[in-house]
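These are the structures in question, set out in turn.
Both complexes below contain chain A, partnered by chain B and then by chain C.
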Partner chain A sequence: MARLDEVCKLPGHQGIVWNVGWNHEGTILISCGEDKTVRLWARNINSENNLWVCHSILSDGHQRTIRSVSFSPCNKLIASASFDGTCCIWEKKTSTEGNQYECTATLEGHENEVKCVAWSASGSFLATCSRDKSVWIWEVGEDGDFECAAVLSAHTQDVKKVVWHPHQDILASASYDNTVKLFCEEDDDWVCFGTLKSHDSTVWSLAFDSSGKNLATCSDDRTIKIWKEYLPGNQFGIATSDNTPTWKCVCTLSAVHPRAVYDISWCHQTGLIATASGDDAIRIFRIDPESDPHAPTLEQLVTVPRAHEQDVNSVAWNPVITGLLASCSDDMHLKVWQYKG
Partner chain B sequence: MAVTTTVSDFDIQDAFDSLVLSEDNLVNKAYEEGLVHGEKVGFQEGFDLGNQKGAEIGSEIFFYRGFAKGWIALLSENELPGENNPKSVKALKKLLKLLDSFPQGNPKSQDIIALLQEIRAKFKHCCAILKVDASYSAKSQLSF
Partner chain C sequence: MATSSRFSSVIQLTDLDDFITPSQECIKPAKTQNAKPITSSGSAKIQIGEDGTYSQLNKEGRPEKLQKAQITLNDCLACSGCITSAESVLIGQQNHMEFLKICKDIELSLPSRSFDKVVVGLSCQPILSFANKFQIPPEEARAKLSALFRQLGAVKVFDVESFSDLCLVECGQDFVHRYREQSSNSTSIPVLASACPGWICYAEKTHGNWILPHLSEVKSPQQIAGVLIKDVLPNELQTSASRLAVVMIMPCFDKKLEASRSDFFREDQQSKDVDFVITPVEIEQILEELAIEFVDLGSSQIDSLDGTADTAWSVPSGSGSGGYAEHVLRFAAKELYGMTLEHVKFQPLKNSDIREAFIEKDGEQVLSVAIVNGFRNIQNLVQKMKRKKRTYDYVEIMACPSGCLNGGAQLRTESMETKALTANMEALHSKLEHRQIDDVKVNKLNHVWLGKASPEEHQNKLRTSYHAVQKSTNALTVKW
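What follows is the complex of A and B.
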């Protein structure tokens, strides 16, 4: 019987904790929230029970709530997105007093609340999205400066989340207009090459699997969906246009989440899918290996009904340590979980 | 003789009909008149609205056009080897191309709102590259 055991509960944030993530080595847990701070947590090697403790607090970068935070693939930079309309880049400086993060750049341009920030897998791009309905792509220069590469106004409403493809420079964005849009670079310009329509309400979050050929989305309509990429000229008879791949919804899971699903994380090691929901629960799924890959079924493995005392806002699988999951909530806490299959 | 003809043409049934239907006839007549008047007034109102909106959009488009032309001129004037910024010029030229593609009329087949949004996004992109804080505001228009 699969289990999700609580490893530890981490207090510290003064207010809602909005987002959690890991560095790419899986050694540092990162969080941000309403208290305008970014916190870094690491495993306390001196303690016997391997607890995670806060070792750095990044403050004074933003004027308002920090909604999203992300480590660069090189692990040296952290990007944070705030409701003050800016995005801060924090750089690790090694001094005699130890490692310190300093805000080295502020990206301005959005008209209002920035909802999410994400680094591309190659590290050469940064994407941000905002309530102003636009998605911005920034090119990361060698000398550490950021130049705006594109302003994309494909969505008709608030854009909630941006996520990069795990191997290519392809960006996916989720919006209050109930759609997901896909962007790629074409002749020096970024263009929208796909719109994924099927959800009946706000798409809160999305996650690619390790291959980048499947995408999971979660929504305010209480469902999660799996989308599959079909390349031009595929043998399955799925039509494509303009020589671009078609993304087709191949699975919808409804009647499982009684409330909105705010976040979804697809583990690139185990293939497990974790969801964070407005009913305070965390759920773990996997694609039934026996099911048809073109019409997969999701198998629910674990439900932790009262994972947090209030809405769970974000979940993230550790990229290295198998089965380690982080979550955060309106209840001002982070939690670390261990999955045992 | 003519009188008798008229009298013989007179049908008491018609008289009754016209009495009974007088309300309907008046309503129909008033409806027709109202329709003509409404069309005229409605056309004027629509024309005024279209005129106003068209002027607003035109003003915005030409603000961007002036911005793009001005910056392109400025950047090519100071173009020194190794100092030019092809990225900004490229973005500005793209903006200019979009502006040129904006229709002068009101074609039903083209989504001009989407095109306007694309133009606004490109303008923001140009501002971000040039590191200038410019924005179009209808309030800055001259009034006479």
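What follows is the complex of A and C.
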């Protein structure tokens, strides 16, 4: 039987913890929340039981709740997005006293709450989204300057999440307007080249698989969906237009989550899918390897019913350490889990 | 990504908050026409009838029906609660149907009519939009549009560009004045053009006090035209300013916002400087309404301001938005450094919507101007200014990508992508006759119009001011 074992429970945040993530080497766990701080956690190598401990607190960057954090691919920069309408860039400065993070830039422009921030795989772009319904793409300049490269008003409502394709400069965004939009660069501007419609309510989050050819989405409608990319001229008879790929919903999983599904993480090593839900539970799925890739079925492997005491807001697979999962909740705690298959 | 809005995207972004719909939660207090002050202590009782009307119980306990609150566009603009309703409020306030009705009323000499005469100003971008859509020469499109409005009853049809020179001359002088002042006034440079209401609305709502001193206070050609027409023409047309409807044909709905600013309402005449702004998409609807095909329209001349027969059409040299940056550079080069510029070339930077030009003296850059179009480039400029980085001396800022040629209410053809469309529009614009400001003409016009005006009056006619909108932060509107 597959299991998800709790490795440790991490107190510290003084309020709701909204988002968790990892650096790209999988050595640092990062979190942020209502207490306007970003916290960095690392494994305490001295302790026998391999616990994770908080080693840095980034504060004084934001005036309101921090909703989202993201490590740059080079691991030197952290971006945090806040309800104060700004996004802070924190840079690692190494001194005799160890590593320190300093807020070196503040990205302003959104009209109100910034909901999410994400670095592109190439490191050249940063994306933010907001309650003002827009998605912004920022270009990272050589001199550490961030220039606005596009303001995309494709969504008709609050945009909840932005996620980059794992290999290309393609951005996916999820919104309160029940859709997911895909963006790419064309000439000197960014354009929306796809709208994924199928959810009946807010799409809270989304995740690409390791190939970037499949996308998982989760929603307030209590379902999760898998979408597959079909290239122009594909042999499966899926129509495309304007020479751009079509993303088709190939799987809908309903009647599993009794409440809204707030986050979804697709492990790029194992292919496991983890969900964070409003019923306080964490669930692990995988695509049944026996199923038809054009109509896959999801197999539920594990449910941890009371993973947290309240809503689970975010889950993230460690990019390096196999089966290690982080989660965070309204209950002010983070947890680290180990999956055993 | 097709948006159906006729506004610039900047307006769409600013404070649009669909969580508060105006009908439900508009925070503007309801003003009632015959609101009686409640003198007795205790609170008023309000009943909601089955038909949804509101009644207030009077002292005897009998209900009196309350007036429905009328929220004008100006209320919306001055309020930071929401502006979602702006488009619908606007359409109610000055749509083309209302314009048609006014034309009809005048034609029938109805006693209840609100205007006696109609004067139209045609801006070049809508003309080019029709020329492009119907594949006809711009001159022909211009003559057809003129014919349409004359058919509707316009007594005069002008080119808005014939008023541009007054605006441009003022822009040049304002800039030079501020340039000379820069050592003693830290907010005098850069000067940011203020002809685009989309940009002005954004600056007032989002950035407010720190940026407003940088805005050029010169009115746009649309508003200068309105003032001049209402000053000069009523006499000739034997009517009064308030009975003369000034109608401007413009490329975006944002220009309607501009026309409805309270700054452009004249108390003394109880009239707006510009009464109607009609856009190409609405002209199409008018044609449809009247069952007229555009191509079937006849042709008619354009009136000249000085009454001469010289009606050769030309537009100010420079961008399709009105050539502000180019004129300011030329004028300042001459005025400040005695240099006459033959050719002004704007160099694109990261994208074609940010272009700069500068002049050097003794190997040193002494003047720099830029054309900044579209929201992302505005953003970068504003953020640079905020971080106190050096930018330019003068910036022509336009909210629409590619500027006014690509205004939100220009005609789109389904088969043509925006890029190809703007390329076509730019090509059409570049082929028009481009003129440089003719000082003699401007002086003559100024003399006729402002001859005896005091400097203050002069200032009033040509300049305006801006007002920051206070942001309301309502904790209840937080959405995760």
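In this text, the second predicted complex is superposed on the first by the 341 of 341 C-alpha atoms of A that agree within 3 Å, B and C clash if a C-alpha of one lies under 4 Å from a C-alpha of the other, contacts with A are read in each partner's own complex, and residues count from 1 in each chain.
Following the convention adopted for this analysis, a residue touches a chain if its C-beta (ideal position, glycine included) is under 8 Å from a C-beta of that chain, and two chains touch if they have at least 3 such contacts.
Keep in mind it's a predicted model, so treat the numbers as computed, not measured.
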Joint occupancy of chain A by chain B and chain C, clash or fit: clash
Which of chain B and chain C A:Ala150 touches, first, second, both or neither: both
Contacts of A:Val191 with chain B and chain C, given as first, second, both or neither: second
Partner chain in contact with A:Gly109 - chain B first, chain C second, else both or neither: both
Chain B versus chain C as contact partner of A:Ser134, first or second or both or neither: both
Dominant toucher of chain A (residue count), chain B or chain C: C
Which of chain B and chain C A:Asp158 touches, first, second, both or neither: second
Chain C region in steric overlap with chain B, selected from 182-190, 236-244, 344-352 or 452-460: 344-352
Chain B/chain C common contact set on chain A: 109, 134, 147-148, 150-153, 188-189
Touching residues on chain C, where the partner in the complex is chain A: 1, 3, 9, 12-19, 206, 350-352, 375-376, 379-380, 383, 386, 401, 419, 478-480
Residues on chain A engaged by chain C in the complex (per definition of touch): 67, 83, 108-109, 111-113, 131-134, 147-154, 156-158, 176, 187-189, 191-192
Chain B contact footprint on chain A (complex, rising order): 109, 134, 136, 147-148, 150-153, 188-189
Chain B residues within the chain A interface of the complex: 87, 90, 94, 117-118, 120-122, 124-125, 127-129
